[in-house]
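A, B and C are the chain letters, set down in written order, and residue numbers restart from 1 in every chain.
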Amino acid sequence: MSIQLPLKISGTFLDEISHDIPHQNWGKKEWDADFAHMAKMGIDSVFLIRSGYKRFLTYPSNYLIEQQGCYEPPTDLVEMYLVLAEKYSMDFYFGTYDSGLYWETGNMLHELDCNKYVIEEAYKKYGHYKAFKGWYLSLELSRKTKGSVEAIASLGRQCKDVSGGLPVMISPWIDGKKAVLAAEGKLAKQDIVSLQTHYQEWDEIFDGIKNDVDTVAFQDGHVDYHELEHFLNINKELADKYGLNSWTNIESFDRDMPIKFLPIKFEKMLLKLKAAQKAGCSKAITFEFSHFISPQSAYLQAGHLYNRYMEYFNEEN
Amino acid sequence: MSIQLPLKISGTFLDEISHDIPHQNWGKKEWDADFAHMAKMGIDSVFLIRSGYKRFLTYPSNYLIEQQGCYEPPTDLVEMYLVLAEKYSMDFYFGTYDSGLYWETGNMLHELDCNKYVIEEAYKKYGHYKAFKGWYLSLELSRKTKGSVEAIASLGRQCKDVSGGLPVMISPWIDGKKAVLAAEGKLAKQDIVSLQTHYQEWDEIFDGIKNDVDTVAFQDGHVDYHELEHFLNINKELADKYGLNSWTNIESFDRDMPIKFLPIKFEKMLLKLKAAQKAGCSKAITFEFSHFISPQSAYLQAGHLYNRYMEYFNEEN
Amino acid sequence: MSIQLPLKISGTFLDEISHDIPHQNWGKKEWDADFAHMAKMGIDSVFLIRSGYKRFLTYPSNYLIEQQGCYEPPTDLVEMYLVLAEKYSMDFYFGTYDSGLYWETGNMLHELDCNKYVIEEAYKKYGHYKAFKGWYLSLELSRKTKGSVEAIASLGRQCKDVSGGLPVMISPWIDGKKAVLAAEGKLAKQDIVSLQTHYQEWDEIFDGIKNDVDTVAFQDGHVDYHELEHFLNINKELADKYGLNSWTNIESFDRDMPIKFLPIKFEKMLLKLKAAQKAGCSKAITFEFSHFISPQSAYLQAGHLYNRYMEYFNEEN
């Protein structure tokens, strides 16, 4: 019997409109080089983390600039990413707009309103690119936002309606001990979800989204390394029950350190890749390559992580 | 009609005695290279952020070492900066001493006492350098410190008296939503100043300093990007009313991120430069080049910011 | 009379199993290069900060993996360090295991239980290496943990019993104003120890450990630079009284900055080396070379610190 290799990372988010990770100020040359590094590592799909955040945009959206007071962006990143995705034979998933209000209020109505226009506009503008292969709903669900299930489902439905049924992905978080805000001083909290409650709540949520979402890739960084496999097993079981794809979103930054955030230790990433393999996840994506794994990242630890990763999979193969 | 370019940055602070930005440990070779990078970008003036902070000094001040218990510095940075400023045809502004007490107590008396000696000593020691072109009062005013208006004015007067009237600059902060301490966990606060209150309070402050200060360069990072122009307009209107120069201090670090602080996204800098142009600021300086814009900064994002900045102004011109 | 040079750094911790410093993801090539840099700077001894932390290990310990649920490490770092120490003629000190429980509960019983096995296992596995020259007790004492004196002593005794009396080192912290947690927002606190209380409490502690510990290297970063010499004098006086070696542990990271932690300013390091010289410390070690002083550190400020250090001691000599 042959030994099973850990799951390899074959997708990454693109975090250009950033919530809490400082910008690298790359131009086209650096982005092209980064896609080349990704391809070499085996990445075949890229996911725009969001097309806009508050007033900042990745593409010149008439609707968001004129109706929502967003700033006109200096470059069209969506177009650039689509061209690069095509060049490197990758699938591109478009991330919806995030006004920031949902994070503050828990209310998704405004997000739904805005994205009705954004989804249509984006598909009209960029849907003809061969690399445009799906949608990523940037509004992160968790147990605390169960009330938003119908909103998420309707957003997914809209994406599909507009694009002839292109697949829709979400990446929720587990309410584990590391589910604290980046701006908070502490690294862990006490009041965390049990496996049983996680099962019950997500059973309900998956049931509500099953027709309008194709893929669920849970963020894997909020629980401890030895707990992860148990959560991934539940996620897989529920995904199978409702006919969804169960991916994993391997966080490549380290949640255990006071600097929020720098690249993760390779050993920790490996533990998570092994857990994903055991739980039967069908694909591993990461948040995200360009800051935390890329050889040209401003965080030099990232390049060493890349080297350790490449060594590991080349030596083992 | 020709399109107006955003204001270009033509000055930078030198942050060698640091409050909250980690040191780069540069020697003379690195500082010389940095001045060369500055010159290439169009910087013609440098402002020493402070000549000393608590017990750490930029120059071997007999007064501060013997009377105030400061540490003898391993090198004379003021002399080095003056020589480099002369080499690269830049104006050098000397920043006053900051004992740290004012930040803790809000009381400026001790600062006045110390700086009476420091200003005299510094001008005697360095006033003969051709590059010595003015003074920067390092005690940052804001609405909370209105009571210090007379103190600031008397400090300015002293600088002028000692140096035959060399110009005096201050760089206050706007009490906006991002006016939180670097060591605080949060990134924004609720209790912020309105435009009207800003006008009223600074009308009073400008009136009090008009004879003893020449230039006001407000820090531009405490309000949101779309609010900035309105504040800059008020600043300009008040500066004109009282015969002061209205510059802007473009912060080149990012206040929106949990790591405090890394280089700002170029798009954000550009928004601020455009707002400064529209508001009619006559000069843009930055805090600060060496950590946040320099191609040799330890933060590699800074070099990319430099490249984006150079591209932008070369392509547009 | 010749002028006394500051004490030179001749030892460093190896912080591979990290508490609060992000990992660099180095492989064997990078570690070999790092030992070469250390040797060039005059380092002759390395101290493993801990052999394991919580579930993460530096070596494949059967006991910790099978009995304590630790993760099997991807490489044997202890072996690699011993081989490198031998190659570069350095002494290696083995750091005990830290389960994390002591930090949370203040209770040392579990640490004693675990380390009884770890110490034996480690010496059996690695004691034959010529570079294996001593032990470092990773459980950091301070005044708050006076109750643990007997525990520390018994741990030291065990190390000696197992290894034919190899020397034992500890590195306690002074309860000064910078003794705050890395994850806390603030940089300093009010409730600090006086010199007198420091003397009294450590007099008692030293008395309790004098037979089982050889060397005490206090961390030097929790008090202000001008206070340090006074504390070092007391430490030296007490060490002499009880026949212990009095080293100093020069922290090479900066505790005064909001980013926790980046390399220290050279001037600050120099103040501390001078204070150590004056107080008669017989050796200076640092926490730690690879992140904060190494020319290949991901923090580029470290390489400049290395250059400043080398310049200083070469020019002065």
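FYI, a contact is a pair of C-beta atoms (placed from the backbone, for glycine too) under 8 Å apart; a residue touches a chain by one contact, two chains touch by 3 or more.
A quick note: this is a predicted structure, and the numbers were derived from the prediction, not measured.
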Exercise. Using just the Cα atoms, superpose subunit A onto subunit B and tell me the rotation angle to the nearest 5°.
Key: 120
Quiz prompt | Interface sides of subunit A and subunit C: same vs different residues, half threshold | solution = different
Self-check item: subunit A and subunit C: spacing of chain centres that average the CA atoms, whole Å
Solution: 39
Quiz prompt | Residues of subunit C touching at least two other chains | solution = 185, 259
Self-check item: Contact footprint of subunit B on subunit C as seen in their complex
Solution: 185-187, 225-226, 254, 257-259, 262-267, 270-271, 299-301, 304-305, 307-308, 311-312
Quiz item: subunit C touches which residues of subunit B in the complex?
Solution: 18, 20-27, 30, 55-56, 69, 71, 73-74, 182-185, 259-261, 298, 300
